[in-house]
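See below for the structure under consideration.
Order as written gives the chain letters A, B, C, D and E; numbering starts at 1 within each chain.
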């Protein structure tokens, strides 16, 4: 049985970081984007456009505060309209960031290092956009603090058995921990910026933010431990967030919502749309800032694979929903799935199937996975598909009430759209500001990938 | 012993050596530790796990605090949920039990993560003595490279074994690129 | 240090041990299977079939779990999988027998499955599902499952063998290319198989997460078994120097993830059904949370989740071959309880649930276990213990040695 | 934590504006509650009078005996238009103590608290003229007023007015009662032979129409003139039937 | 991180301050005697004259509304008493001109609260329980905070605030038997329930 062993040489899939970089060159390159690069015309135009789009959120919110939620398209059977659709969509988009930074850190996947900072920032901004909707949909956003358990003059406490309250806990925990994780990751890079900058005000600003980080080995030891712990905590957290979001639906008894597959299926959908959004943003940023040597083909390939895998799980969910619609033997469930497929919102359903089930199948091809343009288009289709999914879940399940007399249709109003598009403006504005003022790539983790950071001790142990 | 006079004239924080590679730094740190120095620190642009062994750094308090935070957060979350549901605002919803343990798990879980995560970050920063607006090592002009590409080792004057001339000599024997005095 | 010249064929000592294991398990398996079959006459056909289902499905899960893990590894790579790839392949080969083992269930379906019993043919709920739950389609699905599972097993093993022999990356690519859609097929088939053989025991009840749960459960069973086997093999050449603590650590982490996933999926199902409290759903839990079954449920919570969770948090326990294998074996045992918990309460009344377990519920899993392990240990020595043709083998061997 | 500064400031401005202007939160709703002033109607009242010449359902008040205390000829009626029993008298006592006692006094002697403060003293119920007066007369006085007394039609409903009349009759009867009118067991509670029984004890209510009141409890002695301080009488559970 | 801690501490302090303000008598106007167009004294009318509450507030026991009496009710007595008083001139003017007196509402519940006087009276909640010793209030003040917490205190546990039906309007009421016994008995007799669902008050 024994035979001479010849191991084949490694198959090159593409490196995590292209050759020719040194500790200093990596640091200077990324820090230079923040410190030296001139504010470009394109960036200003982009920021201005995003900021203009953001104004539609301002207008819509003002309208909402003055007039109340009646300006939205919600009605009696469809009490949950755009607000929850967009909330779930944004929260889902946020998931990729935590997944990339936390789970891949735990799995020792070194390809995460180039993209995690950006993805984490995206998480934060997406969760902020998501948070807008529950706060706005109360119609009295200035009373949003009522959602928190605190002693008050009304002697009232939130209903701890309600999934909507779990949402409050889950989303605020998610936002807090993501921000902490993001900031902790930034500390060494802020120190790099502090030490690289030549301008006094930048030194003071980055110095204050870096908290006096001095790259001490004693600090690194605790830092690495804390990073791992945070990653370990963030991983179940990110799963729990969309699980809780799915409970918002599944814990109720509406046909099409009350189904046990929802938690894993929502989590997969969240990661799916999140990776879609990372690709949508990363491909232009990579091109624009000339980061092809740091965000390599391997990154795109891997992200496309994750997109494909989660897309398959989501498709599995659709398939099971349809199958169990029949298998449950429940007439409401049966009607629900038939109504989805053939009812007034059927075009949305089939569009969703096209976007989420059919389109990702192209990703089986490596050619497509490594073609940034096609990948970018697919990622946008995925984003649209996931939005449609939430729309279909929310609206088709609600618009056919148990009581046929209250059957009705839901169409968003101009203010619904303005709110939704406005949050995209908010998101893009934040992204533009972020890429300008902070290092978009974790410098110290990139350094770890370089041969200069490897220990080849000259002395034998 | 002779260096004490130097100290008086020139308040000194320590002596710093600069190294070009991670390997040299780890070797130097190991030797320094073996030489009996304890009050010294290595500065590196990337975390080097080898240093933990070389310098005998095994501080697990961050994990401990995080565990405590997790336990407190979890029990606090569960207590909060059950106290509210059963005591502070008992609402009968369709005859369901007031204490409904499965329904409290999400809140319990989120509180666990929240408190544990905050403890992890805060205890790391606090144990590292941050935020710290001033530290003598930054007085060395080239030290800025510690956050980019160079590796440093600094033996502090507080160390009982510290002796100015001997320490300089010892550091020079480690094959550094440069040795510098660190003003306090 | 590991060098490419070393052989990864089994050392004679290990071969002896494996042979011993194989003989013992074959003996135990035959004795207990005989005992189980005797139960058909002594205890009754239905009780026999229930126990048979527990044993058969559990060990089928171990086989299909190996198939799933193998394909996941082939797609994602990773050092953990390289160490257990051969045991996984050996595990998949049991599927030939385990697939056939379903035959008695199909043949005697009316005695076990309400919907197949002509006496219940007029029931409203049975009629509502008749399009899916009918005997011809049941048989057809079994054939389709077999085609998928055995097809995948055959091809994967064949190409893996060729990969070793030719050292050609063509086969590595083929393996990866087959595994990706293979995973899809795996999930679909195990979902429907678990609906067919387990969920349809109670035709009034349905849960969409069920198939996913069974897939994860099977993966956990397989992983725990393989970890136990790997830990045993680390005492012998060549695995003593091939397997590092880091490999065990990674496998331990993976098992930890599976334990968490199992708990997550079960909790999700419980919470959604609990809060809905619908009569057609909650009865499933009423049966399992009353009449003595609540203790089984509680022990599952504690022993299937809490205890392994706490133990596997520890880094040192995961890195030690002895402790990790004990935890793994424990998990295999508690997995059997989980399966009994899934099957048996379906046969108790909702109004007066009663914990009643026959001795057959123990003999059947042991019997099938012996059979499975005998097949497994027979297949294991057939090939070198590491996939010599795999492109990343050297990297995987160096995993955990670079510091 | 990061919050969009723009969104945050907009929120802050708007919420302060909202707090500053008025209570938006349904605190003040565009609806009328009783006696709330109205900007809309000229007299500033949100509560409107029925349009002249209209009668609300159920307020036709055709039954002159019940609503006016008069017979068809316009004469005060002699007999109660309602059945009088213990509950009616208890109700009458309670209403009497609220609305009548301030002037007429709790035993009907016309020496209520208001009279002591300067209101014109009404006649005692126990004078012969009023003892002889038909029940319709009392009803008419309550309904339309008499002399210095304004009408109480807004404060006392017709059925309660009859209850009050019944109670007045009971007071009159009690003022002139003989010990032999008492049931046997009640007699034993009279303190001592020859001692003048107090007014309160005398005002043992007795049915004007021969209903059996053998179980009627004694009215506890109460300090007169302080209605509401104690013993405002009957259980309110049997309201007179409302129209 | 100190910033985070600072934000948390400041946030907590701000929250506490907010609660303190929201809870203060300034915010709730508890104990605040309101100016009225005519300085009507409950102390005089109830305390020294002993007029029953229901003489003026006629519908308190059969309607959700206790009623501010019409001017006519004042004139029942003041057509004869204090006829020359300039203080009472607005009353006479109102009577002459048929224009309502614009009283200032003391117990002003928000419009989203449904409150019914008669059910409280019928179930044995005395006037004094909510309005305090009205017989000692020269100008009427708001006795409780009227916060939701105050409502709920009683709605969750009504027994301590129940009294027999004939003691409803009594001021300075002292129970004739231990309140625990009486309360429990009255709960049973009057079928008093613990009503603390949202829709009890918010309809």
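Observations on the structure shown:
As a working rule, contacts are C-beta pairs under 8 Å (C-beta built on N, C-alpha and C of every residue); 3 or more make two chains touch, one makes a residue touch a chain.
From a predicted model like this one, the values you see are computed outputs, not experimental measurements.
Among the remaining chains, those touching subunit B as well as subunit E are A.
With respect to subunit C, maximal separation of chain centres occurs for D (centres as means of Cα atoms). Across B-C and A-C, it is A-C that has more C-beta pairs touching. With centres set at the average Cα position, the gap from subunit B to subunit D is 83 Å. If you average the CA atoms of subunit A and of subunit B, the two centres end up 31 Å from each other.
Note: centroid distance subunit D to subunit E, computed from Cα atoms, is 22 Å.
In subunit E, the residues touching two or more other chains are 1, 4.
Listed for subunit A are residues 155-156, 161, 176, 180, 211, 236, 243, 247, each touching two or more other chains. Across the assembly, subunit B contributes 49-50, 91, 96, 100, 103, 121, 125, 130-131 as residues in contact with two or more other chains. Residues 1, 23, 25-29, 31, 33-35, 37, 43-45, 97-99, 102, 113-114, 117-120, 148, 150, 152, 154-155, 225-233, 235-237, 239, 242 of subunit D touch subunit E in their complex.
On subunit B, the positions that touch subunit A within their shared complex are 21-24, 26-27, 29-31, 41-52, 55, 57, 59-63, 66, 70, 77, 80-82, 84-85, 88-89, 91, 93, 96, 100, 103-104, 106-107, 109-111, 113-114, 116-118, 120-121, 123-125, 127-128, 130-135, 137-138, 144-149.
Across the complex, subunit B is touched by residues 22-24, 27-28, 149, 155-161, 163, 165-166, 169-170, 172-173, 176-177, 180-181, 183-184, 188, 191-192, 194-196, 208, 211-226, 229-230, 233-234, 236-237, 240, 243-244, 247, 444, 447-448, 452-459 of subunit A.
Subunit E meets subunit A in the complex at residues 1, 4, 15, 19, 22-23, 28, 145, 147-149, 152-153.
Those residues of subunit E that touch subunit D in the complex are listed here as 4, 7, 46, 49-55, 58, 61-62, 65, 67-68, 70, 72-73, 75-77, 79-81, 98-100, 102, 110-112, 122, 165-166, 169-171.
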